[in-house]
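Each chain carries a letter (A, B, C, D, E, F and G) given by its place in the written order, and its residues are counted from 1.
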Amino acid sequence: MIGINVYLALIAIATLLAMYRFLVGPTTPDRLVAVDIMTTITTGLMVLFALYYGRMIYISVALVYAVLAFGGVIAFARYLEGGL
Amino acid sequence: MGEANRFSRYAYTVIVLFLIWILLTASLDRQELIFGFLLSLFVASFTYPMFTSRGLGNLHPRRVAYAMAYVPYFLWAMIMANLDVAYRVLHPKRPIRPGIVHCKTVLKSNTGKLSLANSITLTPGTITLDVDGEDYFIHWIWVPDEVLGAKTEGEHVENASRNITRPFEKFLKVIFG
Amino acid sequence: MNGQYASLLVALPLISAFFVPLIKGLGGRAIKYYLTLITALQAGVAAWVFKTVYTTGKPIIVMAGGWRPPVGIDLYIGHFAALFVLIVALVSFFMAIFSFDSVSTEPTDKYAMLFLLLMLGATGMIATGDIFNLFVFMEITSITAYALTAYNKTGEAAEAAMKYIVLGGIGSSFFLIGITLIYGSTGTLNMAQLAQLAGSINPTVIKVGLSLLVFGLAVEAELFPLNAWAPDAYQAAPHPVTAMFSAFVVKAGLYALARLVYLFSHAAGWDFILKLLVIMATLTVFAAEFSALRQRDVKRMIAYSSISQVGLIALALSVGSQLGVQAGVFHMINHAVVKTLLFLTVGYVGVKVGGTGIENFSGLGRKMPLTAFALTVGALAAVGIPLFNIFWSKVWIIIASIEQGYAWEAGVVLAASVVEAVYYLRLIHTMWFGGWDGMRIRESLPLGTIALFLVLLILAIGVYPNPFWTLAKSAGTDIFNVSRYIANVPLMGVGP
Amino acid sequence: MVSVLKRSLAIITLLIIGYWLAQGLAGVPFGQDRMLVGKYYLENVKAQTGAVNAVTAIVVNYRGFDTLGEVTVLFIASTGVGALLWRRKKRRTAKTEGSVVLRTGSELLFPFILMFGTYIFIHGHLTPGGGFPGGATIATAFLILYMAFVDYEIPHRLFEPLEGLAGMGYVLVGLIGLAIGSYFLFDWIWQTWHWGAANLGRLFSGGFIPIIYTLIGLKVGTELSGIVDSMLTEEVRE
Amino acid sequence: MSVPHIGLYYFGALSLVLVGIYGVLVKKNLLKILISLSIVETGVNLLLISVGYITGRSAPILSEGIGPKQAVDPIPQALVLTAIVIGVATTAMALSVAITLYEKYGTLNIEEIRRLRG
Amino acid sequence: MNVLSATGEALVLIGTFFYFLSALGLIRMPDVYNRMQTSTKSATLGSLGVIIGTGLWAVGMGHSVAWIVQTVVVATFILLTNPISAHALIRGAYRSGIPLWNGSVVDKYGEHLKAKAEAAENEKNEGDGE
Amino acid sequence: MTLVPEAYVVPLTLFSPLVFGVLAWLFDRDWVRETLGVIGAAVPLTVLSLAYEKASSGTISYTIDTGVFKLHFVLNSLSWYFAFIGALVGIAMAFGLSSTSRRGYDWLFSLMSFTGVMGVFLARDFVSLFLFWELMTFGSFMMVLRRNRHESLKYFVLSVIGAYSMLLAIGMVYAKTGTLDYAMASQTLLLLTKMGGVSKAYVDTIFALFLLAFGVKAGVVPLHVWAPGAYGENDQSYTSFFSGVLSKAGVYGFIITLFVMPSLYGIYFAMGTFHGHLTGTYLIAWAGAVTVVVASFLAVLQEDIRKLLAYSSVGQVGYIILALGVFNGVAVGGAMFHVLSHAMFKGLFWLISAALILRTGKTRFEDFGGLAEKMPVTFAMALIAVLSLAGIPPMAGFASKWLIYEGAIQAHMPLVAGTIFLGSALAFAYVVRFLYAVWFGQRPSDLDDVREAPLPLLVGMTVLAIPNIVFGIAPGLAVRLINRFFNTNITVNSYYSISTPTGTYNALSVTLVLIVGLAIAGLVYIYGANARKIKVTNTYQSGNPVTEEYNLVIRRNFYRPLAEALDFWLKYSWDRFYERLANLSEDFADWLREGFYNGNVQSYSWYLAIILLILAIWGVL
C-alpha cells in the first residue's frame, strides 16, 4: 500500500493539467473535453479511494458518478450542436 | 435478418439484464438473485424493443465465439493506439497531420455500427466524427499519403476504409451483422 | 385521539398535494374545489390541535418515527404553534375560496399543489423542534414561494421570483453555515437541547453561528435591508398567494427568528444580536412606510405596509421582554387578519376592475360597496385606529419597546406610522369620494362572507380584545419562556 | 472604473467576512470527535433500524421527517418548473438528431442504467446509495434518450401519476406507522415485527427503508425527468 | 488579530462560499449569478460534511468490519444529502425562472431586468 | 505481496501513466480535435488499468472476489461510454463551427455536409416549383 | 340619583352618543335618524345633570376590563365640569345637525367624537385617555374627510403626530412606573424622580410630548394650521362641537399635565425660573399669548365667515392656555371659566354660521348684508355671541377674560396682559365686522327671500345662548364649581359678585349700569337726529369710481390696509411651512424608494453583504 499515495498524487497532477485546459479553453468544446477527461480520471480515482479505505461499497459511488458524468457530457455535447 | 419474435427479444433482454445485475451486486446471495430476476423481468418488459432486434439470436455460439475473440483483438489494438498517442504526445515535434476522411462500412445493424464507431474511436489516431448511413467520417491524426493522394472519391474511401473500418468489420459483421 | 395525530398537520397537505396529479384530468374547477376541501380539512385538524393544546395547557410533542428527541425530530406544537397553525389553515382556506375568482392562469393542478405545499411549509416551520428540520421547512416554504411568485408567468413575475431566489438563496446558504457551526460545536440539532447547551458553546462559534442564523432568517422575515425582494414578490404573486405571504409566510420566518433568538438567550453576544434586530426592525418600519407613501399601485402599497407592520412585529419580538414578545404575537394575529382582508379586497378589485392601480379604486364605494367597506375597515385597522384590532397590539408594542429602553426606536416607528396614516387616508378618500364611472359590479357572495367575517373579527378584537390578548399572551410566553420549552420537550438522555 | 472599484470593494468585504467565518470555524476544529447524537446513532443503528448504513438509517428513519421534506422540495421544484414552463402546445427544442452512435448507444445503455439506478436505491440501507442518487441515475437514463432523439418525450401520462403515487405512498407508509405504532413515520416493519432481523446486512432487511427508498427513487426519477422535460420544450408558435 | 487556524478542508469550502458570493456581487449575467449561487451551496455543503469528519475514520456504514468506533459522524452526511437536493431544487427553479425571463425580456443582464422597482 | 496484487499495482501504475499522458495531450495538442485524439484514448485505457488493477490489487490483498467483479463493471461502463461521449463531443465541436486546425490536410465531412445541404436546397426548390 | 343608578352614570354618558350614532347610521331615515341622534346627545346631559350632586361631592368610578387593559373612568367635580360643558354643546350640536344634515354618516361620526370627548374627560388612566382621544379625533376627522380631502389630511397628519406623541409619552411613563393610572403613575414617577430613578431629561421629554399632543388639539400656534380648514370645511353644526368642545380636550390635557399629575407639576420647579417665573409655565403662557395675537390678527384678515370664526377659536383657546401658563389661582380660575364661556359663545357662533349657510348658501362677507330683519331670532343670538366674545359685560365672556387679566397682572406679567388687551381689541375688530357685514347694511338682492333659521337650529342656539347670559350675570355659579377642584383664590361674594385679591366684579351692578346706559342711548337714538337713507352705490367715495384696489367696504377687504401693513409677517406662513415639509418628505420618500429599491438584484445582494460585513466587523472586533 505504499505506492498508492504516489498514484493518488500522479492522478492529482493529471487532474490539475486537465483543469488548466478547462480554465484556459479557449473554446467551449475544449473545456468540455477537459471536463470529460476529468470525470474519467475522477472515476478511476474514486475506485482507487475505495481500495485506500478498504470499502468495496464505494465502488458503486464511482459507478453512479460515471453514469451521471456521462449524461452530463452528452448533454453539453448535444447543447453544442443545438441538439437539445 | 429481420426481427426476432417478441418472446425471443424479451427473453434475451431478461437474460442480459439479469447477468448485469449479478455483476452489479457481485453477489450470489439468494435475496439479491430473487430481486434481481424480478427486476430484470420488469425492466425488460418495457426496454426490450429498443434493447435488441435479434433476441436470443444474439446468443448463437458463433457470435459468442467471435465476440470472445474480438475482445483481445480489440484490446491489443487499443493498447497500440495508446502507444501511438504516447509517441505523438511525448515527441517534441508533435508529429501530427490531421484531417477528416470518409469511409464506408458493410455493417447493416445499428449495434454493429455503434461497435465499429466505438472501436474506431478507441484505436490508433482515429475518432468517429459522424456516421451517416453507411458513411463514416473519421478524424484522423495522421492522414497517410495513400489516402491523401487518392485521385477519386472512391479511391479515397477505399484506402481509408481499408485502414480504418475493415480490420474490425470482419469480427463485427459476424457478431452484429 | 392520540396527540401524535397532530402529525396529520403535515401529512394531510402532503398527501393531498401528491394526490393532485391523479385528478389532474378533472379540470381546473374541480381542482379548486378539491383545494378548498383539503384546506377546510386542514383547518379542522388544526382546530382540533388548537383545542387540545389550549384545554390541556400542555404542548403536543409529535415524535416522528417514535424516536424521542434529540434522536428523532420532534414537532413542538405549543401554544404558539397551535394558534398559528390554525391561522395558517384558516387563511389558506379563505384564499382557496378566493382562488376561484382570482386565479385563472394555467396549470391549475400545479397551482393547487404549490398552494398546499406553501401551507405545509409554513406549518412545518412553526411546528418543528429541530433546527435542521426548520431549514428544510424553510426551504419548502421559500421554494414554493419562488414558484408561486413566478406563477403568473409574466416578465414581472419572473423578475420578482428571480430576485427572491437570489436573495433567499444567499440567506439560506448562510443559515446553513450557521447550523453547521452550531451543530459542529454541540453535536445536536434539537432546539431544546441546543438551548440547554447554549451557554457552554465556545463564545466565538456561537456568536458567528447565531449571527448567521439570524441573518438567514431575517431575509425571510423581511427585515431591512434584507427585504428588497419582498415588495416585488408581493406585487407579482397571484392575489391569494400575496395574502398568504403576508398573513403567514413571513410570520413563520419571524417566529423562527424569535424562537431561535430566545433559545440562545444564554449565548455570548446575544445582546448585540437583539440590538441589531431592533435597529433593523425600526429601519424596516421607517423605510417601508416611506416607500409606500407615493405608490400608485395599491397592491404594492399594501405590500410595503405589510413589510412595515412586519418590522413592528420584529421590533416587539426583539426588545427582549416577555411583554414585547406577547405584544408581537398579538400583532402577528392582528396583522394576519387585517392583511388577509386587505389583500383579499385589493386583489378582488384587481380581478374585477382590471388592475390594482390607484385609479381603479376611484369611486369604489359605489362601484363595489361591500368590498370598499371591507377595504376601508382593513385600512383603518392597519392605521391603528381605536376600536380596530391593531390599535391594541400597537400600543403594547410601543409600551414594551419603551419599557426596554428603546424610546427612540418607538419614536421613529410612530413617526413612520404617520406616513402610513397618510397613504391609507388617500386610498379611503379615493374610494369613497373619488369620481365614479357609474359602473356597478356584482360582488361574490363567498368572498363577501369572508370579508365580512374578517371585518367582524377586526371589530370584535378591537372592541373586546381580551380573548385574543389572552391567546397572544400564552403564545408569546411559549416563545419567551425557554426553560419551560426545554422542560416540555421529553429529551432522552443522549449526552456526554 | 466603477467595476474595478466594485470588485475591490467586493474582495475587501468578502475577506473580512471570510475572516470572520474562519474565526467561527476555528472553534470547531477539523477532524475531531465531537459526536453526541451521532454516537447514539452509530451504537444503536443496527438494533434499532436493521440498517447497516447509519446515514441511511438517519435519513429515512431517525430523521425521516427531513427526508419527507426533502422529497417535498424536489416535488415542489418539479411542480414549480412545470408550472412556470407550462405551455398549451409544446415541442422539443432540439434542432438536430443524434448520430446513430449516440442513438444506439443510449438505447443499449438505457436498461442498464435503469437496473443500476434500482440497484442504488434498493441497497440504500447497505451501501452509500439511496433514493436520491438512485432516482437521479434513473433520470439520467431518460436524459440520455432525450439527448439522442429529437422527438423523444417521457411518458407524461405515466410519470405524473407515478410521481404523485410514490409521494402518497411515502406518506401512507408513515400514516400506517401512525395507525400501528401510534407515531407518524414509525418503522412498523422493523419495530413491530423485526422483519428481516435475521438478514442484517443482506437485501431483505432495514425495516421500511428499502420500501421508502424505492418510493423515493421512483419519485425522484420521475421528477427529475419531468424537470428536464419541462426545460427542453418550448411553445409552438403558429 | 491572529489568523484563525482552520484546516485545508474548511479553507477550501469557505473559499468556495466566498468565491460564489463574489460572483453574485460582481457578475452581471443572471446565469453566472445562479452558477455562483450553486458554488456557494457547494461550499456550504462541503463545510457541513467536513464538520462531521473525524480523522482516521471511515464512512458510517457498519459493514466490512467497521464498527461504531471506526465511523465518522453520520449526521452531517445525512444532512448534506438533504441540502444537496434542496440546492438542486432551487437551481431548477432558478433556471426555469431564467428561461422565462429570457423569453420575456430578451436578456439575462440583471441591470436590464428592473421593471419592478421603487 | 502476491502475484495478484503485484499485477494489480502494476496495472494501476500503467493506468495512472496513461492518465498523465492523456492530460498532457490535452495540453500539448493544437486544437480540440487533436486534443480529443490524444486524450480520450489514453484516459479510457488509463481507467481500465487503474480500475481493474485496483480490483486485482484488492483481491490480492485479501478482500473479497466481488471487488474484481465490481471494478470490471465500472471499467466496462467506461469502456462503452467514453467513445460515445468522445464522438458526441467531437461532432458537437464540429457542428458548433470550431474550425479544423490550420495544419489539417483534408475535410471530407465538410464536403459531405455541403453536398447534403445543396441536395436539400434543390429538393426544396423543386418542391416549390410544383 | 334615584333616576339613574350610580353604576350606569358613566357608561351612559360615555356610550349613549356612540350607540345612538350607530343606530342613526343604521336607520338612516328622515326623522328617525334625527330623533335617535338627539336622544343620544341628550342622554349624557340628562345623566350628568342628575349626577351633579354625587359628582360634586364625591366621585363615581367605573372600570371596563378589556383584558388587555383595564379602562378606568372617574366622574368628579373636574371631569363633571368639562363633561357637562361638552354635553351642553353636544345637545346644541344635535339640534343643529337635525337642521343642517340629512346623513347618517354625519350623525355616526359626530356622535362618535362626542363619545370620544366624554371618554377623554372621564378617563383616569392613560390608555382610556388615548383610546377615547383617538376615537374623538377619528370621528371629527371623518367629518372633515367627507368634505375636503386636503384639509382632512392636514388635520389628520397633525392629529396623528399628536396622538403618537401622546402614545410615546404614555409608553415612557409606563416604562418607568409600570402603571397607566394617572394617580399611581404620577406618584411613582415623582418618587422615582426624587430617588434619581428617572433622569430629568426623561421627564422633560414626557412633558414635551404631552404638550405637543395636547397642543395640537388645542390649536396652539404653530400647531394650529389644521384648525381653520377643519373647522371651516365641515358641517357648521358639528363645528360648534368641534371648536367648542374638542379643542377643550386639548386644554383638559394641559390641565392633566399641569395639575393632575404631581410629578409633572414637580418638574416645573425642577425646570427653574426665568425672571421670577417658573420657566415651564412661562413658556406655556407665551405659547398662549402668541396664539392669541397671531390667531386674532389672522381672524381679522379673513374674508370668509367660517375662517374668521376658526381663527377666532384658535385665538380664544390661546387665552385659556395663556391663563394656565400664568399659573396662579385667579388665572387658572379664569381659564376654567373661559373654557365654559368659549364653549358657549363659540358654539353659538358656529350654529349661527350654520344657519346662515343653510339659509343663504354663502360664506363670504361680501355676499352678506342686512339679514337682521330676515332672521331676527338668529340676529339676537348673534348679538349675544358677539357681546360675549368681545368681552362685554354682562356676558360670560367678560367674566372669564376679566379673571384672566387679573391673574396676569397679579403674576406680574404685563406683557402677557398686554397681549390679552391686544387680543381683545382685535376680537372687537373682527366681531364688529361680522355684525355689520352680515346683519346690517344693504341686503344683496339674492338674499331677499331668506327665511329665519329652522326651529331645531334655533333651539340649539338657545341652549347655548342662555348660559352666556346666565353665567355672565351670575359668574359666582361657575366660580363656585371651579373652586371645588382648584384653589383659585377667587372669592365668591354672591352669585353675581366675585372678588380676586386685586379687584371685585359685580355682574349685577355692571348689568344695571349697562341697562341704564343703553336706555339712555336708545332715547338719544329715537329722539335724536333722524338718519337719512342714502343709496350706497352712488355716494360712496364721493362719486369716484370704485376700483378693486380701494374697494374697502365692511363686506370686502375691510382690513386690507392692515394686511398690507403686516405684509412682511404674513410672508411667513406656517401653512406654507408645513406644505414644504410635506413636499420634502414626499421627495424623501421617492428618493428612498428609487434609491434603495432600485430594482437591481445585485444591489440587493450587496445589502445582504453589507449586513454580513457589519456582523463580521462586530465579530472580529
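Here is the rule we go by: contacts are C-beta pairs under 8 Å (C-beta built on N, C-alpha and C of every residue); 3 or more make two chains touch, one makes a residue touch a chain.
In this text, all values refer to a predicted model and were calculated from it rather than measured experimentally.
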- Query: To reach chain G from chain B by way of touching chains, what is the minimum number of steps?
  - Reply: 2
- Message: Using the contact definition given at the top, which chains are in touch with both chain C and chain F?
- Response: D
- Just grab the chain with the largest centre-to-centre distance to chain B, centres being mean Cα coordinates. G
- In angstrom, rounded to a whole number, how far apart do the mean CA points of chain A and chain B lie? 23
- What is the distance, in whole Å, between the centres of chain A and chain C, each centre taken as the mean of its C-alpha atoms? 46
- Task: Can you check how far apart chain C and chain G are, centre to centre, with Cα atoms defining each centre and the answer in Å?
- Result: 44
- Task: Would you kindly tell me how far, in whole Å, the mean C-alpha position of chain E lies from that of chain B?
- Result: 40
- Shared-contact residues (touching 2 or more other chains) in chain A: 54, 56-58, 60, 63, 67, 70, 74, 78, 81-83
- Message: Counting only residues that touch at least two other chains, what does the list for chain G look like?
- Response: 590, 593, 597, 601, 605, 609-610, 612, 615, 619-620
- Message: Two-or-more-chain contact residues of chain E, please, as numbers and ranges.
- Response: 17, 21, 24-26, 33, 47, 51, 59, 61, 63, 73, 75, 79, 82, 86, 89-90, 93, 96-97, 100, 113-116, 118
- For chain A, which residues count as touching chain F in their complex? 1, 3-4, 7, 10-11, 13-18, 20-21, 27-30, 32-34, 36-37, 40-41, 43-45, 47-48, 50-51, 54, 56, 59-60, 62-63, 66-67, 70, 73-74, 76-83
- Message: Quick check: in the complex, which residue numbers of chain C touch chain G?
- Response: 162-163, 166-167, 170-171, 174, 204, 207-208, 211-212, 215, 218-219, 225-226, 228-229, 231, 269, 272, 276, 280, 287, 290-291, 293-294, 380, 385-387, 391-392, 395-396, 398-399, 401-405, 407, 410-411, 414-415, 417-419, 421-422, 425-426, 428-429, 432-433, 464-467, 469-470
- Note on the structure: The chain D residues in contact with chain C across the complex are 20-21, 23-28, 34-41, 61-66, 68-70, 72-73, 75-77, 79-84, 86, 88, 160-161, 163-168, 171-172, 174-175, 177-178, 181-187, 191
- Considering the complex alone, what residue numbers of chain B touch chain F? 20, 23-24, 26-27, 78-79, 81-82, 85-86, 88-90, 94, 96-102, 114, 117-119, 121-123, 125-130, 132, 135, 137, 139, 141, 143, 147-148, 156
- What residues of chain C sit close enough to touch chain D in their complex? 2, 4-5, 7, 10-11, 14-15, 17-22, 24, 62-67, 70-73, 75, 106-107, 110-111, 113-114, 117, 120, 124, 128, 130, 132-133, 136-137, 139-140, 143-144, 146-147, 150-151, 153, 158, 177, 181, 184-190, 202, 204-205, 207-209, 494-496
